[in-house]
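Once you've had a glance at the structure underneath, I'll fire off some questions.
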Amino acid sequence: MATIDPHARWGEHGRPDYAGLQSFCACPYTEAADDLAGADVAVVGAPIDELATDYPGTRFGPRAIRLASDSFAGAHLDAGVNPFEALRVIDYGDAPVMPVDPIASHAAIERTVGEVVDAGAIPLVLGGDHSIAEPDIRACAKRHGPLGLIHFDAHTDTGRHLWGVAVNHGTPMYRLIEQGHVVADRYVQIGLRGSWPGEEEFAWQRERGIRDFRMGEVLERGIADVLDDGIDAVGPGPVFASIDIDVLDPAFAPGTGTPEPGGMTSTDLLWATRELARRLELVGADLVEVIPTASGSRPDITALIGSRIATELLTGIALRRA
Amino acid sequence: MATIDPHARWGEHGRPDYAGLQSFCACPYTEAADDLAGADVAVVGAPIDELATDYPGTRFGPRAIRLASDSFAGAHLDAGVNPFEALRVIDYGDAPVMPVDPIASHAAIERTVGEVVDAGAIPLVLGGDHSIAEPDIRACAKRHGPLGLIHFDAHTDTGRHLWGVAVNHGTPMYRLIEQGHVVADRYVQIGLRGSWPGEEEFAWQRERGIRDFRMGEVLERGIADVLDDGIDAVGPGPVFASIDIDVLDPAFAPGTGTPEPGGMTSTDLLWATRELARRLELVGADLVEVIPTASGSRPDITALIGSRIATELLTGIALRRA
Amino acid sequence: MATIDPHARWGEHGRPDYAGLQSFCACPYTEAADDLAGADVAVVGAPIDELATDYPGTRFGPRAIRLASDSFAGAHLDAGVNPFEALRVIDYGDAPVMPVDPIASHAAIERTVGEVVDAGAIPLVLGGDHSIAEPDIRACAKRHGPLGLIHFDAHTDTGRHLWGVAVNHGTPMYRLIEQGHVVADRYVQIGLRGSWPGEEEFAWQRERGIRDFRMGEVLERGIADVLDDGIDAVGPGPVFASIDIDVLDPAFAPGTGTPEPGGMTSTDLLWATRELARRLELVGADLVEVIPTASGSRPDITALIGSRIATELLTGIALRRA
Amino acid sequence: MATIDPHARWGEHGRPDYAGLQSFCACPYTEAADDLAGADVAVVGAPIDELATDYPGTRFGPRAIRLASDSFAGAHLDAGVNPFEALRVIDYGDAPVMPVDPIASHAAIERTVGEVVDAGAIPLVLGGDHSIAEPDIRACAKRHGPLGLIHFDAHTDTGRHLWGVAVNHGTPMYRLIEQGHVVADRYVQIGLRGSWPGEEEFAWQRERGIRDFRMGEVLERGIADVLDDGIDAVGPGPVFASIDIDVLDPAFAPGTGTPEPGGMTSTDLLWATRELARRLELVGADLVEVIPTASGSRPDITALIGSRIATELLTGIALRRA
Amino acid sequence: MATIDPHARWGEHGRPDYAGLQSFCACPYTEAADDLAGADVAVVGAPIDELATDYPGTRFGPRAIRLASDSFAGAHLDAGVNPFEALRVIDYGDAPVMPVDPIASHAAIERTVGEVVDAGAIPLVLGGDHSIAEPDIRACAKRHGPLGLIHFDAHTDTGRHLWGVAVNHGTPMYRLIEQGHVVADRYVQIGLRGSWPGEEEFAWQRERGIRDFRMGEVLERGIADVLDDGIDAVGPGPVFASIDIDVLDPAFAPGTGTPEPGGMTSTDLLWATRELARRLELVGADLVEVIPTASGSRPDITALIGSRIATELLTGIALRRA
Amino acid sequence: MATIDPHARWGEHGRPDYAGLQSFCACPYTEAADDLAGADVAVVGAPIDELATDYPGTRFGPRAIRLASDSFAGAHLDAGVNPFEALRVIDYGDAPVMPVDPIASHAAIERTVGEVVDAGAIPLVLGGDHSIAEPDIRACAKRHGPLGLIHFDAHTDTGRHLWGVAVNHGTPMYRLIEQGHVVADRYVQIGLRGSWPGEEEFAWQRERGIRDFRMGEVLERGIADVLDDGIDAVGPGPVFASIDIDVLDPAFAPGTGTPEPGGMTSTDLLWATRELARRLELVGADLVEVIPTASGSRPDITALIGSRIATELLTGIALRRA
């Protein structure tokens, strides 16, 4: 299977990060479902942005995250484990999304993520706007049953609709709850701030028992304390982690569509990501809303931290299995 | 009606370009159809990009073109006429497009442009991706009857569909011909290059009698000669002009979604735009595919030339009426 | 009065942030003093930079802050109040500044801000370089009497002159004290760092009883503790808040003229801004030194946090009134 | 005198362009008037922008042009002469301009340029906004008598005032004519376009006998033909050349404050610059309106062509003397 | 062999340009020499810049050109042939260059290009700085015998050494002549300008019978006329084409290390590239000095025209074979 | 000696930061070793990047840091001392590095730094990639004997080789230990994170007694506590401080070649830098890996904090001597 071995041509030293074609962290790349056999985790891209209501550009996210990923990742210096040795990680390419047809793209994402789950692997989905959470979580829930959800974001994404449209990047969590794919009282939101959504959505959240931690609370109590509570709330059982890069302060992730000042630091988010993956029974994860054309810097610091969040997820999974 | 008079607060000198709210060339701004009475031309924005199959961002086009426009435009130095004195030009705001709902947005564009035509004014539509040509030309054709069309573009935009979708930024001209809103043998394309579309589309074009001038011919014969032929082919009767900024070489307009090297120069396009407006019976025009977030420079040179193309259209119309 | 209602054309959903003309947070916009009647707060732009001694570009600040502001601001997620419901906020446009004539511009700023105060509203002034503090604070002090001043900045701005010039962005606070518009022992500076000004200026400050909190102290004690002391020092009575965006570390606000590393975080400043507005008797505020052309990122993270600081001021005022 | 010899430390190979301090084309640098003795040409920077009415940033122009200049310039490949061998060229540093005090800066520019003329050298002044033409041409005219003027620009810069201010970047040529420093019928403008100024200014120009060549004419007749006419009109006698970088199309010089599409190409301007210096009796020249922070590209293509225009001036002078 | 079929997952519509891994123009990709059998042309990347004496970054060139290339290239609109149908084009990946070891990288480039030639295919090499011309031309000459060379560039690249180093991006052509791999009187340079190299190098060129066309001549005579002469001078027999992107004016290719204003237009270069490939017996070609991190615009217009020059080469080859 | 006195031409006010040639903090500039007599500290640039294995561009570092430095630095607001009064600081220019010849460049760096040490001054070296630590530390150690080393970095830089090459930016510390110039048990690393190097290198470090503090520990214990331990470990005796800008989080220093999210804040690093210089017997220091072309913002925030780190080193030295 799989191609683009970084050692095929370069030998022991391996391909430099700037040369040739680059899969996520130089993992084996395949677009054939058969090659998923034996994989622990498969990275899948979901390059769409037609359902973003403001600044578009997340369609370039998966490619940028791959290019920013580290081809030479060894053991995590703080965690002491090398997820690429501990786990069999495959880059399963991008779901065959269709430009200007987000409904078809959602179907493709659900189908491709489903192939990963069917193969017994954990899908790690790189967005794409946050609307992809609906098909990717659904793909997991259809196989694992209703899921717990730990969700890092500046926004709840539990709108009923935006501009009259029900499926978009502001509504996936509402829909997943209503569809029964996410268990409301095992759903935790961390990092909320700004002024959206309004009372109606929060009232619905309270009724359902959804737990939210706003930035004011994160700052006051510290991330470790909040994460403890969040992990308790999610509890045992299958869990999906959905991380919107805009949970970070724009200083750390300027390249996103709805940046909101006053967010998390990179050190807190990287640690929390690894911890949740270590302490929860993760059956899937996504990382969304990276817009590489918007950062300004080169290398693009938003795609870069996107790639590192993905690596922390893998590290946490590896720690859990160790 | 109308608001934001640049002299209300600043007096005789007028508001500097960088201060306050800015309508197109400091023209009177209104969102009320009644205020269109007596207008010769009304500028309308169509800020969508959900139907772009590649690089998104044209939703920011109308605003950027307004901000790049010249609040102090006097007489055109080469043409000797001041279109803002010769014509009553209104900024009619943006059509009420709906994020993530391009079909609703198309309806809004058709409706808003229709209001302009109904008021007896020429709509000058600022895109947006090129899909907006379908509703804006249709709005004109429904009132003026089937139209001639002069179309500057690197691409024909006569695809039947892209990725299985019929309505998008690569198909409007095919659809307008098939719907009968554009008269095929009064339809001229100038500036084609690259390698799209293929034989199937060109065969269809030939059958219909559509005339195309590719860049090779423009370079060999010169723009003046080609434009003469083009204007002859369009002939008398109502005409729409549709200008895709990517007809320019990327050096002159880097901020666009499908830039294709080897295009027209700014001097040629500015001249040709004024000429066609002077020599043809224009009932409407659009300028599309400006992506201000992509240029790199500040001031953004793509939005800037976009604003100047709009001004040349107005200048040509003023010359014709003089 | 007032125009550009985001619902006039878009109906219930409202205008998307990227479409049409945009006032601050989609508030009613007017340039007529009569329309100020009944307003609680009026936003005024002061787009000048001719008095900046280093990197120019703050003339583009007010427009960029408007464009970065949130048209859909609801209740503040941490504070639980929606300032745009609790208060009547008007966007009063930009003061009629005169390019290359900063003295005339200062007079225009003082006059325009004075109109707001005369109408019984709190002016919230968007700079512009910090020299605007002289006219905008003077306009308030002439009506409310000598003011307390809480000032967030990397620099004291209490120079006597720079390059022999008395009125510029490094001297407003010295002049306001000497003119008697600011009460020295009710004047507090927070966030000072770097190496300006020198002993002469600090000696003058000490003599007058001005209280300064340098970044070393902010870091050691924490912002909450320092702010408590600062608020005590300002005490009861009318107060002006002047916030120079460069009090933030350049990571959070790269787009400014004299960035100084080692500054405040966005989370600290946003919180402190809301708190001071809640706990002090604010009669006016300004936010200065945003240079949107310098940030690099798009959306521009400096203009963005500028807009959010303005919103925190409004939120604090709303909390105080509640 | 003079310092920063590129061979002092690097020996025969010379200092690479990116290392150390860089004078214009690695010419000897001095700030002492005595060192001007024997110089044929002295480069002087005039880093101001306080008199620009729109986009500021030309204060960074002289430094950027120095950094973009070629430390290894040999013989001009088309002209066959090495101006740095044929002429003794000195970098005389920047005039001691005073931030926020443009009147003082103008005096400093006039004084510094005067020192160059007094030493018998030709000043080559790097702006700065175009207001610097007033002091730098006056410094020449006071010593050489009233001058001919050849002026490349998108704009005439013969306004009487802008926003009520008489001295700014839109008025120098009016003032120099009225002051008698420039001879009206030996004054030629090339490259005008856009829509400024208006009839009043052009009427004044016609009365005085000022000759203008607009872009339409340049395009129709070709630069060689137009330049012949322009050189005839200027005629024999002392001449100043003033080149505003915005005479170029924004594709070639995006980094400027009032870019106007439809301008000259770099090949035409470079050739014309060399030719005019070869065929006219140049006593001074300036190159203005480069804003290096605005180009977007790195290396900055606007500063780069600015440096090459300066080199063409030197090459033409060298050819004339050969 | 070959992988990453754009239709494997996407079916008839093919993979959008922004999704998944992208080979040059979506051609079959392989790193195995066996897969070269039957190929007409093989694209090879040579991502190095350690031998650039000024602005580095060409190591990112091959990747950027691949990403900018057109996955849906059909028939060339002016030439009427689809090179990807007429020829069997393979993307052979990047030569296994070694960071910080340019000598090893040169050996790798020569070896990899040699594999292409050995397989009977024409190598189309994407740089990389211009030093790669030495190994890639040598690889061709070792198999085809001494070659004619047509070379588009602002510079001759016939230095003996720079800063005492013999192998770098300013010397390859001198070395290839001296090594006997290029036939001096079949070597033509087009587009020279600026002021490098000096008399010594040109004297050597004249002695050898190398023909150079400087920009002054190109502008005066037109590209068609100059190219006729150049093609005559190269004459029949095996030829290599080496195109340095800096032959273009910086307006068209800002992203390069030694940009020199006054260069060719994109229309001229694209046409000339196709023509030379059609009229000469090409055995190899390279395109060098693209620095994608320097352009400023996104999409990057320099990488874009780089990709189109490569396509024109293919188109010309296809025309010749037709 | 020394030139470019900021008061020579500007008088009492001094030269504005944007005008003329700028040495580090406007210190006296010289390239003559004799002028070093009496200096306490000499700043030396080492502009190379040929030994960077990933993103190049540090060759532009020293110039950018000079341009970002503060010409008007007074007393440090937190520390209360003005290092430029307390110490005699000279800008000794850049070492005569040779493009494309890093071995020659290393020799030049070692020689130039040696001249500083021989003159009894402390060298403060501005990189350049981290490979420069080998020659600059060796130059100090040859005169002071084996040194303690305090090293802030995301990476250990103790590789044996990268891609088979022994001398590059990933290996200097290994080589310095093995050469005996750094005392292993007086060597402390702070800020390590990511996943490089691997077990082999860390095993070697442990064997030698090298002490490393990873970011996890820095975050948990706080920088003050960690620095106490680090300073204890280094102990009395001559020490070199080597600061790689990538020890900072990319939010604070985006312009570097191997940015790694999750790093230090600017406030922590600035404080720690000053403290270590105050508490240790510093005989030299370097600051490396600033790539000014990569930041995106203007002013460039990475060069800016680079300049401030250098000033903190000077401040700490001044405090120690006070």
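What to note about this one:
Per-chain residue numbering starts at 1, and chain names A, B, C, D, E and F are given in the order in which the chains are listed.
Here, a contact is a pair of C-beta atoms (placed from the backbone, for glycine too) under 8 Å apart; a residue touches a chain by one contact, two chains touch by 3 or more.
All values reported here derive from a predicted model rather than from experimental measurement.
Chains that touch both chain B and chain E: A, D. Chain B and chain F have Cα centroids lying 55 Å from one another.
If you average the CA atoms of chain A and of chain E, the two centres end up 40 Å from each other.
Computed centre separation for the pair chain D/chain E is 37 angstrom, with centres defined by C-alpha atoms. Among the residues of chain D, those touching two or more other chains are numbered 13, 16, 18, 53-54, 59, 98-99, 162-164, 249, 251, 293-298. Chain pairs recorded as touching, per the definition above, are A-B, A-C, A-E, A-F, B-C, B-D, B-E, C-D, C-F, D-E, D-F, E-F. Of all the residues in chain E, the ones that touch chain D in their complex are 53-55, 162-164, 192-199, 214-216, 219, 249-251, 254-255, 259-263, 294-297. Those residues of chain B whose C-beta lies close enough to touch chain A in the complex are 49-54, 56-57, 59, 98-102, 104, 162-165, 168, 293-294.
Only residues 13, 16-18, 70, 72-78, 82, 249, 251-252, 265-267, 270-271, 295-299, 301, 304-305, 308, 311 of chain E touch chain B when the two sit together in their complex.
Against chain B, the residues of chain C that register as touching in their complex are 3-4, 8-11, 13, 15-16, 18-23, 29, 31-32, 45, 47, 59-60, 62-63, 67, 93-94, 96-99, 293, 298.
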